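Across the two complexes that follow, chain A remains constant while its partner is chain B and subsequently chain C.
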Partner chain A sequence: MATVIARPSIPPMEFPAPNELDRADLLGMRIGVPIRVPLLARFGMSTQTGVIWLGTWGVLSTFFFVAGLAVLTFAGLQQMQGNLPLLIKYFANVQIQPPEGLGMAPSLQQGGFWQINMILWAASVTCWAFRCYERCVRFSWRPYLFFAYCAAILLTATIWLYRPLVMGSWAEAPALGLNSDLDWAQNFSVLWGNLYYNPWHMLAIFFLFGSTMLWGMHGATILATAAEGSHQEVAEIKDMHSGSHKSMLFWRWTMGFNANPKTIHDWLYWFSVGVVLSSAIGIIATGPIVKDWYVWGVDHGWVQQYGPITRSAINGSPQIAPVGINAPAQQGVPKGQGGY
Partner chain B sequence: MLSFEGVYRKRGGTFLADVLGDDPLDFWAGRFYVGVFGVVTISATILGILIIALSIAAQGDGDLARVTIGAPLRQYGLGFAPFYQGGNWELIILFATIAFVSWALREVEICRKLDMGYHVPIMFSFAISAFVVLEIIRPLLLGCWCEGFDLGFTGHLTWVSNTGFKYMNFYLNPFHAYGVLGFFLTAMVLAMHGSAILGTYNTNADPSVETANVDNFWRDYIGYSIGELGIHVLGFWLAIYTLIMSDLCILTSGPWVKDWVQFWHFSIPWFH
Partner chain C sequence: MRKLFAPLLVAAAVIAASSIVPVFTGAKAADAGGGTTMVAPERAQQTPPTLVNPAQDGEEIDHRALEIYKGQYGPVDQNAPLDFSTQPKSVPRHYLPGQLYNVQVLKGYNYGQLVGQMAYYTQSLGVQCSYCHNVGNFAYDTPTKKIARTMQIMSNGVQAAWIEPVKRDYPNYAVSGAVGCATCHRGNPHMDVHWNVVPVQYLDSTHKSTKQAGYVVNSMYSAARSLGVNCLFCHNSADFVTLQYYPTNKIAHRMWAMVDDINHKYLPANIKAVTCYTCHQGAKWPAVLVKAGLDQTPVQAIASHPDYQDNPGAHIEAGAGR
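This part shows the complex of A and B:
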């Protein structure tokens, strides 16, 4: 007979004692007092907020981040002639544009603010990655979180740094700002022949929607069996009780496959990391390798050719075939003519 | 069978047992639980796949990536279209909806058998709502099945692209933006949760020490640890938030808003 008892709940542990790593850190200390927010208990969340670790890397990262915000605000104010209410009103429209070419920007307004900001951003996320690694070591974690954070940095660095470097102009990167960010995404897709036909974009969206689906499945499964302690996952991996049994059997009976308390987190981790890794590949391939994803898709036989215009238009030919709603689709266009 | 599975496999607690007093479909087929809703699901799925196979055969394109089963033409409105001109699409949507809903009800039966909460079928219902809004409710509001989503690998990509441009700039749709935010947030929180568990399991420490380790890590790192139960509450509601925003995103485009660029050209009197 298997174990069918629910897991007893685990009492909270006391504060961690300082160790060598903490003492070696110049600014290594915890600040603040833990503040209890009893309301959070109603949502099943921990009531203790606070006592954050300072740490040299954390302080540096925060400094660069605040400096970047200050530069952004200053640049935005300058765009609005120093009028603060105007800046608040048109906050979404503020654009800090990157300069043309790969050199220094000619002035602060023509890309200098953007360059300063990107340097501060790079410094901030790098310091935060060091902080993440340093905390992983302090708590003897396997550095999964550090690698996931590095993957996220890789994607942003691909958009703002690597791809502009390969393309030869900082102007390839998005301007900083709410609407300019959205506009860049829209224009990027249109400019490179519809990003929907980029297989890495497809894969990234698969992982992205899959991440939401996995959170739906995992979160719901655990909440449904939390009365029997399935949410105490680290302990359940070591020694399973009825809550985890039910979580596993639910999916086994529903779809014929189930993970277990350990392997479900492999799925979660690699789906979320897959989002940024495949996005980074899709971004760096767009422009340097493939000029037009629609034509690429047609050439590789997985996209229908909707009318005769595309190839000649993409290749810059002045002769564009007459287009009409009844124009017959051009058949038998030789492969490899797709402008890349 | 898993080693502990026999303890949990028991008859009873199903819809048919409640109504008829006995459920002849209350059994397992291999790993799968069957039940009356399992039979409905598999029947609707087989019918749907049959229609898809007929449509693919009729299109005569051997490349499955290019095959598209489009929604009916505008001239058919909300009526039945001839089979190969969108009637197949209408039937596939009908059978898919039946299959999804009965799958959710089958999940309810399994939840009852295992004596657990109904969170998974509730979550799945939100996922179904995204499909129903896209394929049924929005076409109904716009008065034409032609507004439905084309079925097919690259065909559906083309539909998404075209629909985005039809409303000028879908990135300026606020529900689209909130939905994308939800998708990226779920991915980020998922990575954080997965890292926390994979980073700390089986470290040969006492389980309570491992748990406290996770809590104290997050307090050190970002100033707050949401807790073992709380992280799943957060993930659950983030996923529901994302699905609701996806529903609103496509539902508002067409019935209420024709142009997402123009949508922002309003002025608030007291804001001048």
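This part shows the complex of A and C:
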């Protein structure tokens, strides 16, 4: 027996008057023409494409981005002796390596391409951040988008700029390339004593997994109640028996508490920003402050010492001696099972 | 707005064009100067002053040098005139039957033992006598013969200086057998370089950047694939740097130093051909070993084979070389 619930009458949303959007500062510099592409609706987008607002920062950012792409392309071409098919074949393996030390690179091949690219990258993302801020202000928004983008810039700048500056060598930064980023994560973890023991890395993973969980809950809830008009969150938020109201009831009855259609986005925002913020702290602390995260964990008594620490950690950090009950007996592993 | 974009694209193209100029000029210069250059086999410094891995920092392994190596030390030209002015005094112009001349490494061998060892060489490298000897004068020193002498010295030296101490200190990990020619050659006179590894100084260095640590990690992958194992064969994955207490780890460190020793002592400076794969070739223990006692060099082991007096090639037929 299906129970039919009569939909409540929802008052239409109040949109601003059309002439309010026609202000000159909003319409000012736009490029392109609106094109209707019905296929876009299949991919969850609006059908209209085109008309991009063109600002000074946007133009500059695009210019630096294109210039960086060009330099990257020709740096890769040079590694392949100008052989384009070879570059395409080994595209994932091409690396643009940073130079050793903090000075200017001796040549384009030994880090010059990397430095040019990093300058162009910094200029591009900075201009794009200004563009974000400028648009937010023009729309009379609070600049949350700008803050979030700055958080993302903070993490990348920590990896590519701040930490190499503190460590005194550009070679601490990842090379530019697809596989080289993954290689850097591996090398970084191995060299500085297993990043999994880095508490800030743990916190970043907590935020990352937490944000995916929140995104899953939020997205599933909205999709489930879309038939009841919950996509009109602002209009429904005050109404009883609306989709949004039932969503809040669902979670309160399921787990005892709930967010509301506004605060769920607070949760998501801070979890997402928390990923990059805690990652940046963990990265900048690795090396200048903590030489070896495993030894750090052993020092602080929350990681088991699996064996004698036979070699001093890199860069001469003070090490604990394998004494006391933590020092295991030195015994050989049976033949055929060595290391396992 | 197209008027605005056009100069930007032109500027980007100019930057790109200016950056590609050294690309082609550099490539042409390398092509012009590379093919005919003869690289002198000079000894490299034992301890490089700076941590720069030539194989990773822009200077790849010189494969042209390997080609030169092949050409210079290939089969002996039997028609070349013998130049006795360049030969040691032990090389005679006329022989007495049953006598051995110009034996410098395999001293103390009688005729039968020597022939057995030579048969082992040919079996291991898949060559004939004429690959090293001038068949008109077997005592004559040819380039390949000098290389063979160096290789025999290397084999004995590696066994005595590196393998035997490992067997003594880690008896649980030892296998019976010794390094012979076939351990690396396995029927081929030349070997290809499969992967390259960093010098052992990299492993001991306490001042590595993350970039240089990448060279070490890549070399570790090379070593792991050479032995058919993964990282945990030698490492405790909790901390790869400070937890290096497995016996396999310590053995691997000795082996790494051995590879460095071989490359520096016995090979020309421009050929750093020996890696883990050279001997291991995918196995934890090299599959081809000479069946020798722990107190014997391979040559002595072959000479002391029980069937040796009757049949000098018995150790080959019995599979000792495989």
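The rule is simple: the second predicted complex is superposed on the first by the 268 of 340 C-alpha atoms of A that agree within 3 Å, B and C clash if a C-alpha of one lies under 4 Å from a C-alpha of the other, contacts with A are read in each partner's own complex, and residues count from 1 in each chain.
In the analysis below, contacts are C-beta pairs under 8 Å (C-beta built on N, C-alpha and C of every residue); 3 or more make two chains touch, one makes a residue touch a chain.
Bear in mind that the values here come from a model prediction, so they are computed numbers and not experimental data.
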item: Chain B versus chain C as contact partner of A:208, first or second or both or neither; value: first
item: Partner chain in contact with A:73 - chain B first, chain C second, else both or neither; value: second
item: Partner chain in contact with A:194 - chain B first, chain C second, else both or neither; value: both
item: Chain B versus chain C as contact partner of A:183, first or second or both or neither; value: both
item: In the superposition, chain B vs chain C on chain A residues touched; value: B
item: Chain B versus chain C as contact partner of A:271, first or second or both or neither; value: first
item: Which superposed partner A:51 touches (first chain B, second chain C, both, neither); value: first
item: Partner chain in contact with A:59 - chain B first, chain C second, else both or neither; value: second
item: Set intersection of chain A contacts, chain C complex versus chain B complex; value: 183, 186, 194, 197, 303, 306
item: Complex contact set, residues of chain B against chain A; value: 2-8, 28, 30-33, 63, 65-66, 68, 106-107, 110-111, 113-120, 122-124, 126-127, 153-155, 157-158, 160-161, 169, 171-172, 177, 182-184, 186-203, 207-217, 219-230, 232-240, 242-243, 271
item: Chain A residues touching chain B - in the complex, by the definition given at the top; value: 1-4, 10-16, 30, 32, 40, 43-46, 48-53, 89, 131-132, 135-136, 138-145, 148, 152, 179, 182-183, 185-186, 194, 196-197, 202, 207-209, 211-227, 231-235, 237-239, 245-246, 248-250, 252-257, 262, 265-266, 268-269, 271-273, 275-276, 297, 301-304, 306
item: Interface residues, chain A side, partner chain C - complex; value: 31, 54, 59, 62-63, 66-67, 70-71, 73-75, 77-78, 81-82, 97-98, 100, 108-110, 113, 116, 167, 169, 171-175, 183-184, 186-188, 190-191, 193-194, 197, 292, 294-295, 303, 306-316, 319, 330, 332-335, 338-340
item: For the chain C and chain A complex, residues of the former touching the latter; value: 1, 4, 8-9, 11-13, 15-16, 19-20, 22-24, 26-27, 57-58, 170, 172-173, 206-214, 217, 229, 232-249
